[in-house]
Each structure stands twice: as C-alpha cells, then as structure tokens.
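Note that chain A is present in both complexes that follow, paired respectively with chain B and with chain C.
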Partner chain A sequence: MALFGQVLVNGILLGGLYALMALGLALVWGVLNIVNLAHGAFIMLGAYVAFYLFTLLHLDPILALPVAMAVLFALGYGVQRGILGLIIRGPMFNTLLITFGLDVVFTYLAQIAFSADFRTLNPGYAGANVLVAGVTLPLVNILAGGIAVALTVAVWLMLGYSRLGRAIRAASQNLTAARLYGVEPRSVYALTFGLGAGLAGAAGDLYGLVSQINPYIGATLTAKCFVISIIGGLDSALGVIAGGGILGIVEALTTLYIGPTYRDVVSFGLLVVVLIVRPSGLLGRTT
Partner chain B sequence: MLRIPLTILALFLALATAYAQDIQLGASIQLTGPEANIGRYYRDGYELAVDRINAQGGVKVGGQAHKLALKILDNQSDVNLCVRQYVQLVTQDKINLLLGSYASNYVLASSSVAEKYEVPMLQGGGASDQIFSRGYKYIFGLLPVASQYFGSTVDMMTRLNPAPKTVALLYADDAFDTAVAAGTRKDIAAAGLTAAIDERYSNNASDFSTLLARIKSARPDAVLVAGHETEVLNFIRQSKSLDVNAKLSAFTVGVQSADFRKSLGGDADYGYGMTPWLPLASAKDAAFGDAGKFAADYKARFGYEADYHGAAAAAVVQAFAKALEKAGSTDPKAVRNAIAKLDFESQYGRIRFSDTGQISLPQTVVQVQKGELVAVFGSNGFLVKPQYPTPEWKQR
Partner chain C sequence: MMRAAIWAVVLAAAAAVPWLATPTVIQFGINALFLAALAQAWNIIGGYTGYPSFGNSVFYGLGSYGTAVAMVQFDWPFPVGLALGALIAVAFAVLLGLPVLRLRGHYFAIATLGLALVMTAIVSNLPIAGSNIGLVLPLHRGDALFYELALGLLAAATFTVAWIGKSRFGYALIAIREDEDAAGSIGVNTTLYKVAAFALAGFFSALVGGIHAYWITFIDPESSFDITINVKMIIMAVFGGPGSVLGPIVGALLLSGISEVLASEISTLAALFFGIVIVVAVVLMPRGLAHVARWFPAVGWRYFGANIRANKL
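Entry: the complex of A and B
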C-alpha cells in the first residue's frame, strides 16, 4: 500500500510538470491553430537560460523563472511576427513544416552554442524531500507542480477575464467579428505565441531542476506535450492540467504493474483511445 | 599569367601525391544528436592517435613510410545514416580500413557493411556479445565483452563487509545493456546473491520514480544499473530526491566521465563503475610513452579528461598502424589477417583478439570519492579501500 501511494504521488507530481510543459503548446494550438513542433525546443532553451543564469550569475532557478519566461516570450513573439505570421493564412501543413524546421535549427544552434554536454540545475535544495504519511515528497517536484498549477490557473483567468484574453479568444473564434471590434490580429497572435513560448521557458527551468538538459531533449518533450493536449482537450487550461495529471499517473502505474518498457505503449495507446472515443479531449467541448 | 594555372597544377599534384601516399581511415561518428556527448570522444581519440603516429613518421608499409589520413562523417546519432555512411566510405571514397562508431547498436548494424565488402572494421565503441556471435570475420572490438561488465563488481561485492545479499538489476532495452544484464544475472546467481528486482526499462527513459519506489520498498543492498549516461544521471538525481538508499550503487556508464561527475557534483560520490583502462604509468606504449602520458596529452589537447572511450579509440588507430606494418600492404584482406594475429602492449592494455574478434581485458572497479575517480578493485583484489557502505542521502 505504501508502494502504491508513493507511485501515485510520483505520478501526480510528474503530471503537474507535464501540464506546465503542455500548456503553451495547447494555448498556441487552440488559438492560432498551429501545432508548434518547436515547443520542446523552447522548453530546452528555457532550461539553458536558467542554467546559465544559475552557473554564471548564481541566480536561483526559481528566481530565474520570470527571466526565462521573459526571454522565451521575446523569442516567441519575434518568431511569430517574423516567420509564422507570414504563413498564418496558409494550410496547416506549412506551419507544421516551418515549426519542424525551427525545431531542427534551434536544436543545432543549441549544440553549437552550448555543446552536447548534459547539464543540470543543481541548487542546494535540488534533492531535498519531506516525508508525509510514509510517502516521500521531493521538494522540487512539489515546487514544480505548484508553479505549474499556479501558472495554468493564471493563464485560465487571463483568457477568461482580461481584455487581452478576450481578444485572444475572439480572434480564435471569429476573426472577422474580432477585427470589427478592433482586435489587431497580428499583435494578438504574436502575444499568444510569445505567451506559449514563455510558458515553455518556465517549464524548461523546472525541468532542469528535476532532470537533465541537453540540446536534444526537445523532440520527446514535444511528443509528450502533444499527447497531453489531445487527452485534455484544447478548450481550457484545466483540460491541460487534467491531461498532464492523467498521463503522469498512467505512466507511473503502468511502470509499476505492467513494466517500464510498456510506458510509451500505454500512453500513446491512451492517445489513440481518446482520439477515437472523444476526439475533442476529455475536457473539451464535444460540438 | 602562368601563375594561376601553375598553382592549380601544383595543387593537383599535391593532391595526387597525397592520395597515393596517405593511408585512409574512415569512420562515421555521432558528432551531433543525442549520442554526441560520447561520440566526440571517439573523434578526439582517433585524431590524437593519427596525428601522433604521423608526427613520428607515419606507418611503414613495404619499406615506404605513409601518413595516415582520417575521414570522419557525422551520422547525427542515426543508425541508418551511420550504415549508409559506411557504405559510402567503402564504395565511393574507396576507403578500405574502417574505424567504428560509438555504441553497440551502431556497431551491430555497421559491422555488416564491413563484412559485406570484406574490409576490416576495428572499433572501440561496441561491446554487445551479439556483434561477435554472428561468425563475422572483419569486425574486431577493443571493449571487453558486455556480459562481463559487472563481473568484477559482483566479485568485489562478495568480498565486502558486510557483503550485500540482495541486488536490484535495472537495464535499458538496447543490444548492449540487455547483454550486460544477461551476463550479470549469471554473475549474481553464481555469487549466491538474490536478485530482488530484475527490470528492463525503455531506452531514453527520463523518469525513474516508479522503479525507485519499488527499490525503496524492496530494500536491496546493492543496485546495478546498465544504461546510458543521461538515464544514470536522472536515476541518481531522483534517488536523492526520493531518498532511496542502497549500500552500493554501480553503473555501466557515467561515473567514468569527468563531465558527468561535474554536472552531478557531490551527488556522484560513492557511485561505482568499471573501466578497462586507467591512466597508469605502468601501461607502456610505443607512440605515447604510457597511459598516464596519453591521458596528459589528451587533456592538454581537448581540455577534458580522457576515459576509456577515448583511450580505446586511440588504440584502434594504433592497432591499425601495427597491422599495416605487419601486413606490409594496404590490401584489406592482408590487413584483416594481420589484425587477427596482433599481440602488443599499448596505453590501452594488451591488444590481442580472440577468434571471434573480441579482446579480453579485466574490468577494474572504480568509485567516485570526493569527486575523483579512484580504482578500488582489480583482478588481484582490492587496490584501495572502497567507501562502503554508502551513507544514506540524509547523512551526506
């Protein structure tokens, strides 16, 4: 029973981080209809920003979080204005190709700039944990999960209640009507993409605390985010939290009861089942 | 007026003579992609040895001195591209002497190219028993066989006090690590130990929390992990954050490389590993002096410490040079036969191949002690006292 409890908690904590990773991808996908294949590369770049702030300026990774977000926001904003904005009216296939190309470019630039050495964010508290009712809770994972949920809720509130959020949703629902009401789509799109990249930056910072950073982590992370977005649905930030949590728990329990090598089989199997049974995601609107 | 045509002519002549004179060695290596971190050790080892041999007058084949030339292609950590590049090296570039890539799965696939075109491939990157169990004649390996990787570690475990009784064995699902696990399983049984956990995980796994929870609940005395550096790194970090302790933790990779120890800091301490190579002055070498001098030259040139990957890579080039001189010809078949008969001492150890093409070298058990790699157990028993048992994370 203690084992089951520990594994379940591990899964939930992992799910929190997954949710934050996927949030930016789901946001951009839902609003701009762009499946950003470079999302994992943004996470990787965010992790490197935090790594260099930590090693060169001794800035704590948690304090570096807003900086990583800001840097990635600027990058995302620039990418949308300078590159993706040019083909936003084109077929989806074009955006897939471009973001795939961006992923390759970012990965190889990262290798040239940062080398293939793997890095970790290893502040004094990185391995700390607390024991609650026989279950060991790693401090960093709690922190990562907490920040992930906080950011997700913030994004949800922003989309629902702020002027910018309403403009973003309006632009995604009916562009013509939104323009008639004075929404400037180019800047709304760039802000949204920047926000997505900024969230990836935050996720990268936290990922570096619990795992390791190298220029090649992007592709697998993109795939994971993709699965989470599909499972949770693209309609709300809460769906992404649910998707991340479900994936984290399913992975942990699969490893325990079926075997570690079946982890991807089950998580991608879940993706297929969700696509067949409920294509708009578990928490998505079915219309 | 004549200057430009003359320059071109001179260039052509220079190229033509270079072509006639130099002996070409070709390799496809992971210079980019997920395996690039270790892949570059092979490029660096090859380059260091080629430059050293050339500086010492090159290789004498049939009474004439030739320089060695190196052609390295980047396979981007893609096995299929690696195979295509070896085909290209042999068929288009007409290179008849092949140096191997890093990692068993790459060597397993690309050795078939060497066998098909009947050109020798000498490699220091693949140790899986599968590579050598197919009756191939043209593949030779300098790494000790995978199934014996943990042999010396298990041997050491039986002589520790208190001796570990239960073991958890975790391994990645690739050719090399499955071979390591198969051999280790036998070693564990032969030593009278119990395998509390024997589990395979997916290559490139990054989350070990569930396996660690199982280890914590089964409480084995020792944990043996056969995997890749990134996996071992995550495993150690997550053991700490989940407070999972064992008296002894040993890893096939990671602890040996300076880069790995640096990125983990104090958390790498007490970790065990194994190496067929150590930078000792006792390992004499014709080209480098000895293994210690080799390590110093390597560090001076590349800025990081050598481990067995780079040493094996350099030894691959040295073995080719010896075989070429013995064969007295660059004919691939003659060179292949000369390689099969090689027997010489080098910075890497005694280079001599079995009938299947594999080397037999003892694995020395190493341990990270205060950030430094220390050889603790060799074929003649303990070299220094290992720091055992590993203190619990909370006490470190």
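Entry: the complex of A and C
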C-alpha cells in the first residue's frame, strides 16, 4: 500500500509537468488550428538552454526558467512570423508537414551543436528527498510538478482576464470579427505561437531536472502532449492539467502493475480510444 | 497505343538495370523503388482521398512481421509469408479503418499516429514476433531478384493508381477529398470507399514491408514500425504531387537520389536536408512538382510568389 501511494504521488507530480508540456501545444492548436509537431523539439531546446546556463554560468535551473521561456518565446515568434505565417491559410495538411520539417531541422541542428550524448542537470539538491505523510518524494519532482502547475494556472488566468488573453481568445473564436474590433492577427498569432513555444521552453527546463535529455527526446514528448491534449480537450488550461494528471497516474500505475514495457501500449491506446469515442476530448465540450 | 509502347520501353529499361549496373547502384535502386512504391500507396489514401495517414508505416510493419513470422516460426515459403503479411494488413485496415476513418483532419492524423505508436509497443511485447529483439530471416542472396520484385510492385501500384484516377472509384475518392459531406449527400457511400482506399494502401505497403524484410534479413519493432518511414512516404508523395499518378514516383526517386549523395558525405546532413526540403517545398510549392510542371512554364517565377500570397496570413 505504501508503494501504491508512492507511485500514485509520483504519477501526479509527473502529471503536473506533463500538463505544462502540453499546455503550449493545446493553446496553439486551439487558437491557431496548427498542430505543432515541432512542440517536443521546443521542449528539447528549452532543456538545452537550461543545461548550458547551468554548466557554463552555474545558473540554477529554477532561476534559468524565465530565460529558457524568453529564448523559446523569441524562437516561436520568429517561426510563426517568418515561416508558418506564410502557409497558414493553405490546406491543414501543410501545417502538419511543415512543423514536422521544423522538428527534423531543430533535432539535427541540436545534434550538430550539442552532440547526441545524454545530458543531465544536476544542481546540489538533485538527490534530495522529502518525506511527506510516509511517502518519500524526490525534491526535484515536487519542484517541477509544483512550478509547472503554478505556471499553467497563471497562463489560464492570463488568457481569461488580460487584454492579450482576450485578443487571443477572440482570434480563436472568430478571426474576422476580432479583426473588426482592432485585433491585429499577425501579431496575435505570433504572440500566441511564441507563448506556446515559451511554455515548451519552461517545460523543457523542468524536464531536464527530472530526466535525461538528448536531441531526440522531442518526438516522444510531442506524442505525449497529444495524449494529454486529447484527454483534456483544447478548451481550457484546467482540462490540460487534468489530462496531464490522468496520463501521469496511468503511466505510473501501468508501470507498477502491468510492466514498464506496456506503458506506451496503454497511454497511446488511451489516445486512440478517446479519439474514436469522444474526439472533443474526454473533458472537452462537445461541439 | 503510343503511350503504352513508351511505358513498356521505360519499364524494360528499368528492369535491365541489375544486368548493367554496379552492386551499389542496384542496392540504391531497390531502396528507391521501395520508397516510391510506399509513396504511391500513400497517394491512394493521402493524395486521392485526402486523409493524411500516419498509419501506413503500421501496414509496412505488419507486412514485414507477417512475412518474417511465417518464414521463421512456421518455416513457410516466402510467397506464403508475403500473402499472410498482406492479409493481416488488409484486415487491420478494415477493422481499424471503420472507426478511425470517421475522424477528419488533424484528428485522423493524430489517431493514426497513435495507432503506429501502439502497434510498435504491442509487437515489442509479442514473443512469437521475437519481442523487442526482433527476428532473423533465412538468407537469400541475389539483389537482382529483389530489384525486380520491387520494380514489379511499383509498376503494379502505379497501374492501380492510374486506374483509380479514371474510374468511378477514383471519382468517389476525389469527391470525398474535396467535400465529404457533399459527396455523401449525392449518394457516394463514403465509408465504403474510404475503407477500400485505406485497405488498398495497406495492401501495397504490406507487400513492400514483406519484400524488404526478406531482403534485409533482420527486422525489429523499432525499425519496422518506424514513423520516419511514414513521413518519408508523405514527403515524397507531397513533393512530387499528391493526387497525381507519376508525382510520387518522381518525388521518391529525386529525393532518394539527393539524399543518397548527401548521406555519402555526412549522414546528419542528409537528415537535415530532408527537414529543409519539407519546409521550403511546403512554402513555395504546396501542390508538388506535378503542379509546378503544369504552371511554371506559363507563369514563370511569379508561380512561387503567388503560392505564398494565396496562403499567407
């Protein structure tokens, strides 16, 4: 029973990080109708930003979080303005293809620049554990999970109540009407895509704390983000948090009770089943 | 009649390659022909029907594994194994196509991507398929045989696609691509046609997988269900011109050739090149080489600018 509690809490913490990873993907998908296959590559790049800040400048990964976010925001903004903006009114399939192309470009540029070696972020507290109610938890998992959930909630509030948030939501509901009310689509689209990439950067920073990184982690992470977005729906950040939590728990319990080799069968099987039964997301609104 | 004669000459010339070329060229040819056949199969569901499938690598993997399991575990001959692989893939296409083909656009793409990931994980857990270690097939020397098999398969797939383009079946698929609801309302049985197109694509992809497995003599889940194969099919078909008969072949042969030259220098560069080609091709020629060939002579360089103006925000 203690093991069950341990695994469950670990799954929930991992779920918090998953939610932050998927939030940017869900935001860009829901608002811009772009399924960004390069999202995992953005997470990977965010992790490398944190890694180099830590190794070269000895900057703590938690303090490096805003930097990773800013760097990836700038990259995302540029990609939307310079590349995706050129094809966005074309067939939906083209956006899928071009973001896959970007994923390949980022992955192999990262391999050339950073080498294919596994890297880890090891700040002084990396091995520390915290004992909560009889359950031992790695400190980094608590930090990563907690910060991820806080950031997700902050973005949700920003979307709901700030001027930019309202402009983004207006653009996603009806671009023509939003335009008439003074929303400039090019800048709102670029800001939204930049925000999505920035969230991926933050998630990458935290991911580097709890797991090893290399240039190829992007594709798997993109797939996980799909699972979460599909479970949670694209309507709200709270759905994404729930989706992340569900995936984290399901993965943890599958690993414990069925075996680690079945983890992907269950999580991607869940993706396919949810898509077939309820394409608007398990928790999303039906349209 | 003239056209048929030209095609017969082209096919005969291609078939003569193993007797004239060096072993390296023959091996490059086999790989390029496999990719062309896969791109042509993808063209049926992706190009004509407009369903961006990321699940065709599953058919390829099932074909590989069907052939390998039959030959290794049951000692059946190669043709029987190949047929078994194709049968499994077609059954899979029908059973999973029925629910998955109800999804549209991004959702279909992601569902098929999910299926590919699930199948990789399931096969890694099957003892009869060698779990995650894989299977070693009996060795058959002689690249000429595999070259001719690959060429024959590509020819068969291309004739099928050429027939589709002119048949009632093909018109139904194109109608579904252009407007599925409208097609349904004028009496096209959309489910039947979509599943048939999916199964046909699965049939040819599985045959490629089976022949490739016997040629390469070793398969494992990672490489047989590799999504990169699926992405290559898409890039080659889209680069050449989806929904055209010759576009996918031209795209596959051209990109394989360039990639081969680059890979002989630096392998990372070849992968990077693929990524850049996708990005540039989607921006400048979103409808593929076939469309460029038709319009470029008349419009000139403005063709590329017009594409950007039509699709930008």
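The rule is simple: the second predicted complex is superposed on the first by the 287 of 287 C-alpha atoms of A that agree within 3 Å, B and C clash if a C-alpha of one lies under 4 Å from a C-alpha of the other, contacts with A are read in each partner's own complex, and residues count from 1 in each chain.
Everything that follows uses one rule, which is that a residue touches a chain if its C-beta (ideal position, glycine included) is under 8 Å from a C-beta of that chain, and two chains touch if they have at least 3 such contacts.
These numbers come from a predicted model, not from an experiment.
Undergrad: Give one of first, second, both or neither to describe whether A:111 is in contact with chain B, with chain C, with both, or with none.
TA: A:111 sits against chain B and chain C alike.
Undergrad: Look at A:90 in the shared chain and tell me whether it touches chain B only, chain C only, both, or neither; answer first, second, both or neither.
TA: second
Undergrad: In the overlaid three-chain picture, which partner chain does A:185 touch, first (chain B) or second (chain C), both, or neither?
TA: second
Undergrad: Under the stated touch criterion, which partner chain does A:216 make contact with: chain B (first), chain C (second), both, or neither?
TA: Touch partner of A:216: chain B, not chain C.
Undergrad: Given the touch rule stated above, what does A:103 touch, chain B (first), chain C (second), both, or neither?
TA: A:103 sits against chain C, while chain B stays out of touch.
Undergrad: Quick one: is A:120 in contact with chain B, with chain C, with both, or with neither? Answer first, second, both or neither.
TA: first
Undergrad: State whether A:264 touches chain B only (first), chain C only (second), both chains, or neither.
TA: both
Undergrad: Overlap of the chain B and chain C footprints on chain A, residue-wise?
TA: Residues 108, 111, 261, 263-264, which sit in both footprints.
Undergrad: Give every residue of chain A touching chain C within the complex, in rising order.
TA: Contact set of chain A toward chain C: 29, 33, 35, 83, 85-94, 96-98, 100-105, 107-109, 111-112, 185-186, 189, 219, 223, 226-227, 230, 261-265, 268-269, 271-272, 275-276, 279.
Undergrad: Within their complex, state which residues of chain B touch chain A.
TA: The contact residues of chain B facing chain A are 32-34, 36-37, 40, 77, 173, 199-202, 204-207, 209-211, 213-214, 216-217, 229-230, 233-234, 237-238, 240-243, 259-260, 263-265, 267, 393.
Undergrad: Using the touch definition from the top, list the residues of chain A that touch chain B in their complex.
TA: Counting only chain A, the residues touching chain B are 2-3, 6-7, 10-11, 13-14, 108, 111, 116-120, 122, 126-129, 131, 136, 138-141, 210-212, 214, 216, 220, 251-253, 255-256, 259-261, 263-264.
Undergrad: Tell me, which parts of chain C touch chain A in their complex?
TA: Counting only chain C, the residues touching chain A are 52, 99-100, 102-103, 105-107, 109-111, 113-115, 117-118, 120-122, 124-125, 132, 227, 231, 234-235, 238, 268, 271-272, 274-279, 282-283, 286, 308, 310-313.
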